[in-house]
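Next come two complexes built around chain A: one with chain B, the other with chain C.
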Partner chain A sequence: MKSFLTAIVKAFKLFISYQKTNLSAGMEYRAAFFTQVFAMILNNSAFIIFWMILFDRVGTIEGYDFQAVMFLWALAAVGFGIAAVFFGNSTYLSRIIYNGELDVYLLHPKPVLPNLLMSRTHVSGWGDLSYGIILFLFTQDTSISHLFLFGIFSLLFALILVSLRVMYHSITFFMGNAEELAARSSDAIISFTLYPGTLFKGPVLLVLHTLIPAAFAAWIPYEIIKNFDLTKLLLLIGADFVIASIAYGVFHLGLRSYESGNRMGARL
Partner chain B sequence: MIISGNYKLLQGRSLNTVIQIQNLRKKFNTKIKSSGFAAAVKSLFNPQYQTTHAVDDISFSVERGEVLAFIGPNGAGKSTTIKIITGIMYSDSGNVKVLGMDPHRQRKQLAYRIGTIFGQKSQLWFHLPPVDSFYLLADIYDLDRNRAKKRINFLTEVFQIGSYLKVPVRKLSLGERIRCEIAASLIHEPEILFLDEPTIGLDVIVKQRIRNLIKTINSEDKTTIFLTSHDTGDISSICRRAIVINHGQIVWDDTVNKMKYSFFKKKTVDLRLQSPLQLEMDGVKILKTKNSSAKLEINLDLVDLTAVFDRIMQTNQIKDMTVSNPPLDEVISLIYSKDKR
Partner chain C sequence: MKYLRIFTISIREQIAYLPVMLLRNIFFIIIFYIFYSLWSAIYQDRETIEGFTIIQMIWYLTFAEAIELSRCGVMNQIQEEIKDGSVVYGLARPYYYVIFKISRGMGESMVRCLPVLILGYAFAYIFVGPLDGYFTALPFALILLIGGLLLNVLWQINIGLLSFWFEEVGPFYWILTKMVFIMGGLFFPIDLFPGWLAGIAKYLPFAFSAYWPARTMVQFNQDIFLTGFLGLIIYASGLLLCSTVIFEIARKRVHVQGG
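The block that comes next holds the complex of A and B.
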């Protein structure tokens, strides 16, 4: 138990150290840092106007009103922001594999995947993160219980998004380059989670519960926050951890056939 | 075929073995394709693969404190071997023990005790000063703040990098960056340091400085050095032993000195004489003469050096002379070419 706790403390310490280093690297170009953050906030805000106009005309869409859709947007923005800020390398995994850059992480005395994922930050992710929080505070019920649930769902959203990227990028180990596939699946889950889940029926819904698990990322959390159900919450957490475990397994299976490389490179 | 006798057999096996490799093998299946669009389409539906035996049944061991050159032409299997030893890559078969550990099963434990510098892969953050990377690495290796600070101060002094410790890496010269890279790889006081082309692209002065630093690390910290380099200057000035690998197999394993002496049976002699040279002798080839100076190539298989000098001194007087071995470059080229298949 003591060694487990020590490992957790060490992992947290390293996590903080990576964040400090990434933030310092980002702040080297302060103007670019703040421009990226504010550009992302502005970009996301533009969509609110679109949804306001739409709901002003139609009232509700398949049981979702303006506030419900804003919940999806806030959740996706914070989840995406967490993934971008704290697990930034998840978008570059294919490139890291086919360029042989995994070597650096394999030479560290740390678990490869978490070490690799958290070693890079996307500065613009701070913009998404801030935007999502502000949007939630202005459009949703800000009771402690809702804030708490929103926090949990945001972390779970990030977990699913990162797992999905890891899973599809890991195909690079076997096929040579799965960068596009992974990027499209990542885009797909974000896009689907921004629309009411009730719009989708039949085989599409099956895909959205399996290959692109948007349902677990956003729609089920929305149902839980609307009508709290502990069993549903626990099942959701269980399902999310199954997805994460599959991603972890696929990555480690691929790692066995990692061939490294000699490409020149620098850490940015 | 190993050209020299196995170094370890000559030296006797010691309890201080830090790397033990037995019958290591690794092969790659590489997709091959002819040029052109039609071949690309054909390859899409009917891919053809070629098997390359990158490492083909190699065995060797390294003792604590040794400075070993692990050399070979491009594609010989050097990097693959190092990547297997350091736990980056899996082997197909064979037994690898580094500091008594299996590099794959005990990758994390081993990482605390080895350091690596791959010339083309930086550990330093490009936009940050080296000191930030040093402290991040200290956290990666679980060093507490005090120990990290002491170690960084020590390395700063030894490597004389204090003046640019706080300058972003992107603004450093290559030589300054490599010094910081080596310092970074030593933060956690590794017992074995793997260096892959550490002096690539450096000027002669910086190269010499890096070589001296590597020697210092070896002598002061007793760090075992495992060096790959195409620069024979690195090998002759740092390493006592060399393993030459070609086509995935070890073709030479012995001391660097022996490599020079036993491989070339020829010596080059520069002479300054009292009068112009008159000499005809089996095993002696006159390369150049000018007034009373001469340059000879003497084949030691056919004639002794002393016999040649005796013959010259019967009719002449030697004022000055230099006997030289062939350059290490030529020796290594010869080893490579002897193994050509």
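The block that comes next holds the complex of A and C.
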């Protein structure tokens, strides 16, 4: 138990030191940093107009109204922002694997996957993060319980998104460059989560609960926040951790077949 | 002639990476399915919305998306060339930099567009059935579609050239694309906007990258086509002039050191 806690504390310390370094690197180009953050907020805001006009024209859509869709947008923006800011390398895994750049991480006395995922940040992710929080505060119920649930769901969204990327990028270990496939699966989950879950019917729903688990990332959280159900919440957390464990397992299985590229390199 | 050659080389380059390019179209299938599901739900209890039937709406979206998803990467190329200084090689070669970039960008965009158009035709046909007057409208809509691609390339060149003054120009492009998404009628026809907003949005440059080509396809008549064509000429000329002016000002800022 003590060693488990020590591992958690060590991982947290690593996380904090990576974030400090990443943030100070981003702030090195201060003007570019704030331009990207501000532009991303504006960029995302454009979609509010789309939904406003649409709901104004057609009323509710399959049980979702403007506020419900804005919840999905806020959740996806914060979840995506967390993944981009804190686990920025999740979109580059294939490239790192097939370029033989994994060697550098294997030599570190740290757990490979978290170390790898945290070592890059996307500055624009701060824009998504800020946008999602502002959107939530302006369009949703801001009671303590809702804020708390929203925080949990945002972390879970990021967990699913990063896990999905890890899973699909890990195909590169077995079958060659899977960068496009991983990018498209990431696009897919984000795209689906931005629309009411009730729109999708038939066999596609099975895909949206398994290969592209948009249901766990956004639609079930929406149902829980609308009508709170503790059992459902615990089941959701369990399902999300199963997805994360599968991703972790697939990555480490792939790591066994990884062959060094004999590439000389250093991370400064 | 040399620009035509650059255009064809760009096409060949794209075709060389055909599997990756085709895989990219999975995103179109996802978007198509989402929009089909969304509009099917909306049309459940109505026949038309602002004169558009569900058939017209879905075909409209496939055509507008074909332009959007065919965006080339010319802005990033220009940005990189300016950042790493390799832009000076382009200045020394026997072509005009802006026209060179247009030729490359158009070659890239047109190759990307073709599979989306074919997929769009197949999916729209299967999901909602044929569009009346498709083949009559197609030649005219294709002219506006190529024009929409050209506008996009010109926007990218203008924004890319701003790299002479800004560290990161991507954010300008994000905002531009969102203007096309919303004010340009990419997600739905501008006719669904409130009257006052539709009146303005229809004549902004963004509409000529999505709304007018797609509307020509689904509600073809001579007036719609001519309005789209006239706007295209005006805005393409304006953007070309603008990029030339920016380039000429920027060229004076280039300092070559060493050999």
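Just so it is clear, the second predicted complex is superposed on the first by the 261 of 268 C-alpha atoms of A that agree within 3 Å, B and C clash if a C-alpha of one lies under 4 Å from a C-alpha of the other, contacts with A are read in each partner's own complex, and residues count from 1 in each chain.
Convention: contacts are C-beta pairs under 8 Å (C-beta built on N, C-alpha and C of every residue); 3 or more make two chains touch, one makes a residue touch a chain.
In this text, all values refer to a predicted model and were calculated from it rather than measured experimentally.
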First (chain B), second (chain C), both or neither touched by A:25: first
Partner chain in contact with A:46 - chain B first, chain C second, else both or neither: second
Touching partner for A:184 - first (chain B), second (chain C), both, neither: second
First, second, both or neither for A:204, with chain B first and chain C second: second
Touching partner for A:242 - first (chain B), second (chain C), both, neither: neither
Partner chain(s) touched by A:110 [first = chain B, second = chain C, both, neither]: first
Which of chain B and chain C A:10 touches, first, second, both or neither: first
Doubly contacted chain A residues - partners chain C and chain B: 29
Complex contact set, residues of chain B against chain A: 28, 79, 83, 86-90, 107-109, 111-112, 114, 116, 118, 120-128, 132-133, 135-136, 139-142, 168-169
Residues of chain C that touch chain A when the two form their complex: 20, 23-24, 26-27, 30-31, 33-34, 37-38, 41-42, 49, 166-168, 170-172, 174-175, 178-179, 181-182, 187-188, 192-194
Partner chain B, residues of chain A touching it in the complex: 10, 13-14, 17-18, 21, 24-25, 28-29, 101-104, 106-111, 115, 256-260, 262-268
Interfacial residue positions of chain A with respect to chain C in the complex: 29, 31-32, 35-36, 38-40, 42-43, 46-47, 49-50, 53-54, 56-58, 61-62, 124, 180-181, 184, 187-188, 191-192, 195, 198-201, 204
